[in-house]
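Paired with chain B in one complex and with chain C in the other, chain A is shared by the two complexes that follow.
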Partner chain A sequence: MLQMIYNFLESFAYISLAALGMSIIYGITGITNMAQGELMLIGAMVVSYMCGMARVPFIVGIIAAMAITAIAGIILDRLVLTRLYSRSEDSLVCTYGVSIALMQVGTIITGTGAPATKSPFGTVLIGSRSYSAYKFIIIAVALILFGVLYMVFNKSRFGLHARATMERREIAASLGINVNKMNILVIVLASALGGLAGALYAPTMSVTGTYGSNFLTHAFVAMIIGGANPLVGTFIAALVLAVVESVLSLYFGAFIGRIGMLLVAILIIRMIPGGFSGMVERAMVKSRKR
Partner chain B sequence: MLKTKNLVSGYGKVPILHGVDFEINEGEIVSIIGRNGVGKSTFMKTIIGLNSSMSGEIEYSGEIINKKKPFERAWLGMGYVPQGHMVFPNLTVLENLEMGEQISKNGSSESNYDFIYEYFPILRERRTQKAGTMSGGQQAMLSIARVLTGNPKIILLDEPTEGVQPNIVDAIGEIILKINKELGITILLVEQHLGLIQSVSQRGFAMDKGVIVERLSREQIHDYEYIKKFLAI
Partner chain C sequence: MGNRRVFTSENILAAIFWLACCTYPFLHNTYFVNNFTYYFIMIIFMMSLYVLWGFTGIFSFGQAAFFGAGAYIYGIVSKINPDNSALNILGILMAVLICFSAAAILGMFIYYGHISANFIGIITFCLSLVLQTFMTQTSGPEWQVLGVPLGGYNGLNAIPSISIMGFSFEKNSMYFLCMALAFVFYLIFRKMQHSRIGYMLFGIRENAERSELFGYNTAWISTLVFAAGGAIAGFAGVLYASWGSYVVPSTLGTSISFIGVIIIALAGRYSITGATLFTFIYVWFTRFLASQGSAYSQIVQGILLVLIMLFIPRGIGETVFSLGDILIDKLIPKKKVKKDQVQKEVTRYAD
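Take a look at the complex of A and B:
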């Protein structure tokens, strides 16, 4: 049971961190950013070279990873994304091309693997089993991120403008919102989140050119079944997918766990139009009308 | 205050407006009337900048604003109430008002909305309600209130009575007159509802196939036989 809870939390954190940046970009700019995985690769590379090679403290590596991926996000926006706002299908194809190109660049730089970063914090013993303490830190970071992002999007002026832009872009513009500036801010935020996620998982995985593609399936599926609201949708999607994947993986192995997760995602797309956030919104409207 | 000269605009490369000459003076209430699809809403969107102009000029307070983005035009004091109300459905009434309010730099204290609640008492009661759950009439009021919080100099009202009950149409008419008289806001109204046009307009323009075909005096607007040829009556 303890193992199952641990697997669930680990899977939840993995899906959440992979999907948050992608979902935020999609929700607010209408762009499906398939290059989000490569932003995570950049974050992982920064940590690997700074901490694994140059022995810089891990926390400094994380901050640098977020800053550098934020800058990479701005460059990506100016060169590619700025022409693709609200063009979800077009953006999917274009950013997939960017993803492949960046993957190759990553492969050229890292070769068979970037310098390994030692996993911090060692292990903790719970019952008779030992668990990676660092994984608990990652789980905590995922949960804290949801809390922080909830506050940013629901209690700040930026959040209000972002949500309004997400709902009615043209009307927000006619009310004085510089929607292009809003898009850039959102892309910077989402890119930094990608950098954070990539950097956090760097000590746990081999950092090669294909590092980002490890996260892509989970991120994409969670974004699609989560629906338009990036926080509510991603949170519920990560919970559901993590339950399916962790239970199936425990009994039938990781391969079946992933297949099961994808099958459940197909069922959800079929049964819940608008994804989980659409379902929540409909439920709220219904309860208000009662 | 606002003037267009030979304004051409449309969607993609297809022009819908074929050279519109129009002007409205400070403090006026002016209507643009015409059947569906003649270019009235395209004209409004072009004025606020949501549609780019292909040629011609838009002059606002002595400045040519063709190149300005919609948010820059809003900051110049232009308020836009779109067709279909277009409130932010998942934001509360209060948040919708805050969206309009940012331009006026009044801060976000709710007390700043007292004057809004005087015009629209229902919004005070509903301020924590999600805007998308309100009736069409209440959404129409919210979309006008939202733009008022930004202290605009001119409001472009695009069919505010669309999908609204008759008794609410009368209320909207009264509010238009009040905000024009009490707040001195210039009103440009695109409308199909003849009763509302007649009750608020000081003069008007008839539009057909993307051009202004007639300038209408107040008397002509009140002449049913004369005006009906411009409307789908």
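Take a look at the complex of A and C:
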């Protein structure tokens, strides 16, 4: 039972960290960013080289990773994404080109794998089993992240503007919100989140050129069934997918878990149009009418 | 529509290409001919994507899933008993049918679920990824279908070539078979561009909502097109398995889908001739790069894709053809036609 809860939480953290950046970009700018995985790769590489080779403290490595991916995000936005805001359906192909090129650059730099970072904090004994303490940190970070982002989006001025842009782009612009500035801010935020996620998982996986694509399936599936609202949707989607994946993998192995997740996702989109955020929205409208 | 010209640059280039293809085997040895066959298989595979993306505006990132599935199904069925050529034909039929119905079911979920167009690419991408990882881990002896082990990372080997009525297609005959098939597909889609069906699909591509208001059942049509695309990709997979006599899990993977997408994007989504010629050029070029052992080829391809999508969204093929047409217009002064037309215009205005 304990094992199952642990698996569930681990899977939840993995899915939500992978999906958050991507669904924020999709939700607010309408762009499907395939290169998000490569932003995570950059984050992981920064941590690997700084902490694995140069022995910089892990926390410093993570902050540096976030800063560098944020800069990478700005460059990506200036060079490519700015031209895509008006035709978001082409963004998938275009960012996939970016992703392929960056993936190969990553492969050339890391070769068979970047220097390994030691998983910090050792292990914890719960009952008779030992768990990696680091995984608990990741889970905590994922939960805290949802809290922080919720505050940012619902309590701050930036969040208000971001939500306005998400709802009606033109009207938000006509009310004096600088929509283009909003786009850049959102990309920076999402890139930094990608860098954070990539950096966090760097000690647990081998960092090679295809590091980022490990996250892609999870991120995509969560994004699809999450729907338009990046926070609520991703949160519920990660919860549901984590249940499906942890239960299936425990009994049938990781591959069946992944396939099951995909099938459940396809079923969910069929049953709940607009994904989970659509469902929540309808429920809220209903409760308000009473 | 009625007096479309014959000597457009598109037609001229296409004629040169297909004639060159016809004479190629007589001028080169079997090794080169066998290599060339691969281009036709890729052209057929690419056409499956062209029908989806170019005609109907459906963006599929997982065509390789159907391509690989077709190859696997043909391999498995024909390997049950390599000496029995009836199984061979059964394998082809099964591959096409299964790919068709799998794509139809997936399409049904996509189109009747009203999934946004962006997500179709993602779903098919995930499908292809999952299939690839699944096939890679099928190495143990417990993974076999009808007595044929799936082989995991090494895939299926020694797949018998297609044979009909005791005649097995290999080397030169396989070349002509693939060329003929590619040409037939080319003609069909070329014709379709100016047919009712073609216009209906274009309508869905340009504005699905409007087409629906005109009384077209867009969900059903899109599902059918998606299924047809899957079937064509599966058929190309059959040819591939028969040609190379092996299938590996990466055949199902995203890198092959990527090749399809990049070709269509480069060539132009609205020109079947451009796409055909570009498949040939591109596959030749990447093979050349790969034979040079360059690690940078993927970087070049990625950047190329980005640049084309950003600055020439209609693709190189169309741009070249329209420039070529202007050139031809200048080279061949049109006397009679123009005079007639002017005369007609004048009389019309006079009336």
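In this section, the second predicted complex is superposed on the first by the 287 of 290 C-alpha atoms of A that agree within 3 Å, B and C clash if a C-alpha of one lies under 4 Å from a C-alpha of the other, contacts with A are read in each partner's own complex, and residues count from 1 in each chain.
To be clear about the criterion, a residue touches a chain if its C-beta (ideal position, glycine included) is under 8 Å from a C-beta of that chain, and two chains touch if they have at least 3 such contacts.
Not measured: the values here are computed from a predicted model.
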Chain B versus chain C as contact partner of A:224, first or second or both or neither: second
First, second, both or neither for A:179, with chain B first and chain C second: first
Touching partner for A:97 - first (chain B), second (chain C), both, neither: second
Chain A residues touched by each partner, larger count belonging to chain B or chain C: C
On chain A, positions contacted by chain B and by chain C: none
Chain A residues within the chain C interface of the complex: 26, 32, 80, 83-84, 87-94, 96-105, 107-108, 213, 216-217, 220-221, 223-224, 255, 258-259, 262, 266, 269-270, 273
Chain A-facing residues of chain B, complex: 48-50, 69-71, 73-75, 80, 82, 86, 88-91, 95, 98-100, 102-103, 108, 129-130, 132-133, 146-147, 150
Contacting residues of chain C [partner chain A, same complex]: 59, 61, 106, 109, 112-115, 117-119, 121-123, 125-127, 129-130, 133-134, 137, 258, 261-262, 265, 295-296, 298-299, 301-306, 309-310, 313
Residue ranges of chain A in contact with chain B within the complex: 157, 160-161, 163-164, 167-168, 170-179, 229, 281, 284-285, 288-289
